[in-house]
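A, B and C label the chains in the order they appear, each numbered from 1.
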């Protein structure tokens, strides 16, 4: 238990001393995972919306596959992306391996199924309520999708946060495609892995506490967004 | 209201209109004709198929067999766009009162603030414009749903028991708006199981029982001298299975 | 819409964060074993090289096996590992230009201070390992085809004992890096083979001590190899060669000599003078 108290003290000290390396790592973590979350929402929300309101043969199996993809192991995603971005791989000429862009790509692949699957459920539930009224008003499909997404925005914010949480917490994907390179691709989780492998457990724990605090801060910020615009909230 | 140069949707003809699910017939070979611009009330006991009939006439569900023709033209999406419907429970968007009207005006490309305020004012909801629609009372929400339907300037307006479980003041308000719309030329087809309401509103009555059209006559005839056994039982308050 | 403003702020922040500087300055990629990274060696050496050349060296530290594989995939400009046979193979197959001896230290066998198998009396690693096997005392192995693991396998071969047969019993293979393996050994109160540099820098010793060291069998030779541009046309061979040259030069070797951790010298330069 001594490690824990040491960790708390260390966490406070490193954050409030404004340790430049730590700040750099925190900023990169946020940059990678927030970008991945935004891109995944841009791609995943329309997929979820279309799956929510259209019926097509094979829809059932498609939903099963999508839900199953929520459980993609990060390290497997990392490996697959690495094989593609490696110089020996099909997309090696882009020189993306060991860059934050590669990390973003890996995390987008990781969390897009989560965004799509969960938003599908949210939007389908809402569509069950709206569908008949929309049909009566002859609302065109794209307007219906926009209306559903906007009306479900608070639930969808939670979905986005679920994706973000998965991204900022994972290490398997970013360590393979990023390489945990000092001042380039080191993020909170890979730094924790490194300190653990150096046996510096109190520091690793301290970084873990800082990571928790960051995740907490992001969630709190989005929650406050909900509250300030909550006059229209009913979901 | 028909636009100049566009033919009216009337008369409505249904021929052999039937709706079947899993071997059970919910609407059984209904032949119905609605001619003039009267206010039609559709009545019948619960389970008679009134709501289903409305949905068939509005093109929300396809019939198993039979046809729905509006002025000789088969039911289509284009025809449905010239109609509107108010459901038993108001389905409002999770936005402000004004935004709900803006939504339908936007569908037609005419989202103008003045028009929206005018619409809200006509139903007495202008003061609530910026409030969340779902924060209104059920009666007020239903008024909004009705205003929204009328905002699309439909030629035919269907109402599926819109005032069931509303307080008397709301019932009155809804009825007044409906009557006014009818006077302005909108064709009204109104489902109710409230005999008093039917007497207040109806010019003609369509009576359904177990999915079949049992009687179709003017309101005065129907209430004073019903001919079918089912209608007689219904008006006398007897339960007929 | 009132809700647009916080969203706009958030979006601006995101864009601002996203346009920060990336590795645009002159840089090369080094695939390396982990002991040089974990011991802080690169933190000491690389700034000196950058001051001299203006080149930033980006280090990806994985096990030796993975580092060599990555280099074969052209995901490296320079390779720095410690597995002589594999290194020579790498050059022989044309992936590397030339193998340069760089520096050495040694492997050590560490274990609990109580020394349950009483191996500190043994002078050589094979003898100590034989004793551990005979007493079936817990021993943790890398099990990951790294340089350290390959040395460990060679040592077992010289004893004639098949330790892998007891895998899961007294012989535990973590399949992990040196740090994770040491964490496991310490937690299990087991013996382990490690390179001295990682051990000195390791901060979770929990009373563990070095019980056996010394002897040719435990010599740990590091080498640096430039990846062959003929095989990997996109590589930065000039900058990579500059790095290799500097490391093996008088200046580089002196820098290696000067590197201390906890007051101890971790790596001993032994490049062949040109």
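Note that in this section contacts are C-beta pairs under 8 Å (C-beta built on N, C-alpha and C of every residue); 3 or more make two chains touch, one makes a residue touch a chain.
Since the structure is predicted, the reported quantities are computational estimates derived from the model, not experimental observations.
Distance from per-chain Cα centroids to the pooled protein Cα centroid is smallest for A. Chains A-C form the pair with the most C-beta pairs in contact. Distances between chain centres, each the mean of the C-alpha atoms, put B farthest from subunit A.
The centroid of the Cα atoms in subunit A and the matching centroid in subunit C are 32 Å apart. Averaged C-alpha coordinates give centres for subunit A and subunit B that are 47 Å from one another.
With centres set at the average Cα position, the gap from subunit B to subunit C is 78 Å. Taken in their complex, subunit A has these residues touching subunit B: 129-130, 132-133, 135-140, 143, 147, 150-152, 231-235.
Here subunit B touches subunit A in the complex through residues 58, 60, 77, 80-81, 83-85, 87, 91, 93-96, 103-104, 106-107, 132, 134, 152, going by the rule given at the top.
Listing the residues of subunit A that touch subunit C in their complex gives 27, 30-31, 34-35, 38, 86-89, 92-93, 95, 97-100, 179-182, 184, 194, 196-201, 221, 225, 228-229. Against subunit A, in their complex, subunit C makes its touches with residues 2-3, 6-7, 10, 14, 17-18, 20, 22-23, 29, 34, 38, 42-43, 58-62, 70, 72-75, 177-180, 182-183, 186, 201-205, 232, 234.
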